[in-house]
Amino acid sequence: MQELINRTKELLADGTVARVLGWRRGDLPTNPEPAYFNDGESLSEFVYNGFCGANLSKYMIEASELDGRTLVFLKPCDTYSFNQLLKENRVDREKAYIIGVGCKGKISEASLNAIGIKNVIDVKGAELTDACDTLTIETLTGNTTCAYRDAMLERCHVCRGKEYVVYDELIGDSADTVDGDRFDEVRKIEAMSPEERFAFFKAELSKCIRCNACRNVCPACSCRKCVFDSTKFDSAQKANSDSFEEKMFHIIRAFHVAGRCTDCGECSRVCPQGIPLHLLNRKFIKDINTLYGDFCAGESAEGATPLTSFTFGDAEPGTV
Amino acid sequence: MPMNDNAEFRPKIVAFCCNWCSYAGADLAGSSRLTYPADVKIIKVPCSCRVNPMFILRAFEKGADGVIMCGCHPGDCHYSTGNYYARRRMTLLFSMLDYIGVEHGRTRVEWVSAAEGVKFSATMNEFVEKIKSLGKNVRLGDLRCRS
Amino acid sequence: MNKSDLLAEQIREISGVNPKKCMKCGKCSATCPSFDKMDIKPHQFVSYVDNDDIEPLTKSKSLWHCLSCFACVERCPRGVKPGKLIDAARQIAERQRGGDYLTPDEIPELFDEDTPQQLIVSAFRRYRK
Amino acid sequence: MQRIGVFVCHCGSNIAATVDVKKVTETALMEPGVVHAEDYQYMCSEAGQAKIAAAIAEKNLTGIVVCSCSPRMHETTFRTCAERAGINPYMVEIANIREHCSWIHKDVEEATKKAVILMRAAVAKVNLNTPLKPGESRVTKRALVIGGGIAGIQTALDIADAGYEVDIVEKTPSIGGRMSQLDKTFPTLDCSACILTPKMVEAAAHDKINIYTYSEVEQVSGFVGDFTVDIRKKARSVDMNKCTGCGLCQEKCPSKKTPSEFNRGLNTRTAIYTPFAQAIPNVPVIDREACIKFKTGKCGLCSKVCAAGAIDYEQKDEIITRKYGAIVVATGFDVIKLDKYDEYAYSQSRDVITSLELERIMNAAGPTKGHLQRLSDGREPKNIVFVQCVGSRCADERGKSYCSKICCMYTAKHAMLIRDKYPDVNVTVFYIDVRTPGKNFDEFYRRAVEEYGVNYIKGQVGKVCPEPDGSLTVYASDLLDNKQLRMSADMVVLAAAIEPSASVRQIATMLTASIDTNNFLTEAHPKLRPVESPTAGVFLSGVCQGPKDIPETVAQAGAAAVKAIGLLAKDKLMTNPCTAKADELMCNGCSQCANVCPYGAISYETRLVMGPGVRENRRVAVVNNALCQGCGACTVTCPSGAMDLQGFSNRQIIAEVDAICR
């Protein structure tokens, strides 16, 4: 972390960048939040640890409108999102100075809760200084430990890799965190009977409170005006007035980002209700890969997406 | 509301037809007096690629029991490529609906040319039968599920 | 529906043939190997069924001269398949005579010297899976 | 709020017999926005239209719903009527309660219910309609004719005579087409070449006509009035400007074994060749597949003997890109392959031939110099059998479901010509029906029977068996005598079905013109617009639209020309106002929509966007109205819904959905 701060200070001082987009300590030690830093002094609040899961690429849409260059820290998976935004002309490459930061897998309080560690006060061992093996957690009921790996976000277990698709310089090492196949969960659901699938999604989607956190965090969901807030479809948001809309919202949201979603997993990470929203996006990714050939959104900043291209012999609807 | 066993279930079915092939195919079915159930109501769109997944979900939201989209045969699109995009969109959308547990048969795409009045009528007869066998569409409505 | 109509309907059902599709080209009769022995010719079978005139068919000698070689079925340009109609009429005639399905042991004693070999072979072919 | 009038048509009894029109009218009055509703016997009649106009004036209507037949039938009628009465034509919507309702439902209650719902959907849509104004686009004053047969030649001549430039693209080395292969023509028996050659010469000499032979259309883009076409001029290997047409190269060419396409493979040609003596242009081409020079690098004899130095082995294909206002398709036909009709022994005996092959045999310039003989042994046949409907009127997948239309007449012609020239040859024609609708057609057929003694037998041939002695045994029915015939013949002529040229599928795809299940191009209306394709600016000439004889083809060629001239005579075209439009306040400028636009109508500009709380430079999508054809592909690609289609807006379609599902 100190290395990041030192380099940032240099870049601010020599005028390469006008500001820095990074993370700062939040209300709780487990939720650092995205923040701008305009000078070396303010960097005292800067953090980069295992809880910094937030994907900063979406903020670059806004930063591209500001004067001067913005330094942004992107983890390997975040660079795909940035690249996809680049392809869609939503961010300005010239306005960004990208430092690719090492990633050893991101952890979350929700993951700790899931393994039975609740009422977390503080966590040690997530500073990324060592090999990230063990976490020591202080809770209201006393101290406990767990393996770093067990507190990792689902997306890190199926991480796409340590490669950065776009950057100006790299700082820090990344670790191999993969111990699963990212389509396993989708396959599991596909193998269920229609009734079971229905019951599963009914249970999950019923939890939705339409807080729009998934939409707001998603780098692909970056419309100036969302169709669900628009009068153009007579679908303007009427919170909970018509509950069908929740389901429609999630299906359409997944559809709108199909072929553009980089599977960054932010939607599931931020969902306060813990809905596994990534399962919808991954279904589209899986279908696209199976039907139209492997495609990875954000891998390239050029070319058409699966839904803006076709072949003459594509599969017929309803046959898959 | 429980279904009255004596009353025949009459589904609500929305058919999106492209102006150039399928709408004309439906016209031909009409002028050839090839009957199909009155449950099918046609909405004319310029091309199958005009059909937004939003329209299909909206129909279900408002109580449709089945939605079918008809367009020109691949390769014969009046706008050359429209139905190819529509095909990908609908393939993915239908797969998603199936994934979340909505019955597979409630959505359908059929390519009907202007000369295929017989096919249009046969398709609609078949589709209505299918929807009747599936019964009222409760799942898409039920996902709303105030539990 | 009178008896004749009913029989005609039965023939149409058994054979799966729609005699209305016939365009009266006569290709069926052109190559029929048993044409000369038939009192009602293959192409006439189609119009008899179409006219619901079944009794003459069930009494016809043609039933027992058709070899079921299926040349007419293969070559009919309209998919009318007169051979299948003859086949169906034969079945009806058999039923009317009280005949029923035969067991394999019963078959040998029914053969006489005049039975053409082709008829036997074709019967097997016709009833194969 | 709109003030909507609903007009319910009885269409005589077509609608009124099944739909309770009074009830539809009454219910309409309860719909939001509806201030007037009435029904009438025939809304499309002058009196019906007068009622609409009167209601517009009296009730100050802003929108109209007509519950009637299909919009494909009378939408234009009612839009014009509304426009004359002072409201925007795009404020009119049609509820199709005839084709989609009264004609397919029998129960009055049910049909009425559906009619009401269709009316509601239309009212819901009109409530959201906005006046639209058509744009304008330019017309390129030049026509393209695809195919250089009699249809293409006639169309080109007619368009050129009206003063417009025409290009003919012909894929073979010469224009002339099928007609150039024919010997005589029915029902006058004049020589085909004698009437065709002058037309070919006239086309070649016309200063407004430009002929690309040995060329194919490679790509088509654009739209009515403004097509851009790539034409591939295949390498002829002979310089058109230098060649004098002396023919010496063909005499000397040592590669002589290629089956002659022009003579239907009955004899052979050289590798450097002109298809026939009267070919236009009279410039040979080198068939590179057959040429020894191209295959082995050695030879070059043609180059050595060519005094003009016209032979050019280095010549390459050339792509010519041209703009056209109108395109006429005249791709013609071919004879079906007979491999699925082996009962007629076409593949087993050289003496079983198609009628088009007989045409070449009878022709003085043909492989037998016009002498009627068997191809197997050169003997003159004594008994000839003609078989009609080979592959035509066939319900299965072996043949074609349609009647090829020309066979009855050309068979009568062949029979008559043979009996005339060889009176001792017996000619038998097996027919299913003899179809002779046409001026002097039946008289012609009767002459064949009565004056020339051609033996017509009603009944189809079942099979043809080649015998060891070289004769052919024909098994057939005589339906009128109720007899089975077994007849010995020396020659059997099959009237094989005709089908559209194989290239038509590809051309139809390039033009986005629709074709039917038999690969015939579809006309815009089977009765009222028979020479126009549903695709604007594309016209149909000749057999590509359906089977035809020469007089019909020429008549249709002229009609297609007139339609093309009507288009070229306009300086500007009104464009469809139902185009896409981006709401710049919502547009992300993400460039996805341009990816799916087939017309390249979408571009992106950075411009000052102003709106509530917004004043900034943004990259936004801009639609070129002249290019946009209104398919709507972009509207679904746009995630925010910034891109919308005028006339079929998201809100309009959703209103229809809601009305139907209500």
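Order of writing sets the labels: A, B, C and D. Residues in every chain begin at 1.
The rule we apply is simple: contacts are C-beta pairs under 8 Å (C-beta built on N, C-alpha and C of every residue); 3 or more make two chains touch, one makes a residue touch a chain.
Remember, predicted model here, so these are calculated numbers, not experimental data.
Taking B-D and C-D together, the pair of chains sharing more C-beta contacts is B-D. For this pair, chain B with chain D, the centres built from the Cα atoms lie 31 Å apart. Chain A and chain C have centres, each the mean of its CA atoms, that are 74 Å apart.
In terms of their C-alpha centroids, the spacing between chain C and chain D amounts to 44 Å. Listed for chain D are residues 596, 637, 650, 654, 658, each touching two or more other chains. The residues of chain A that reach two or more other chains are 227, 233, 235, 307-308, listed in rising order. Shared contact sites, meaning residues of chain B that touch two or more other chains, fall at 53-54, 58, 75, 81, 85, 89. Inter-chain contacts, as defined above, occur between A-B, A-D, B-D, C-D. Touching chain D in their complex are the following residues of chain C: 21, 23-32, 35-36, 41, 43-44, 71, 75, 77-79. Every residue of chain B that touches chain A in the complex is listed here, in rising order: 53-54, 57-58, 60-61, 74-75, 81, 84-85, 87-104, 107-109, 139-147.
Of all the residues in chain A, the ones that touch chain D in their complex are 65, 87-90, 222-227, 230-235, 256-257, 304-305, 307-309. Within the complex formed with chain B, the chain D residues making contact are 70-72, 96, 98-101, 103-107, 110-111, 113-114, 117-118, 121, 508-509, 512, 514-517, 522, 534-535, 578, 596, 598, 629-633, 635-637, 645, 648, 650, 653-654, 656-658, 660-662. Contacts from chain D toward chain C in the complex involve residues 343, 389, 393-396, 398-399, 432, 458-463, 475-479, 482, 484-485.
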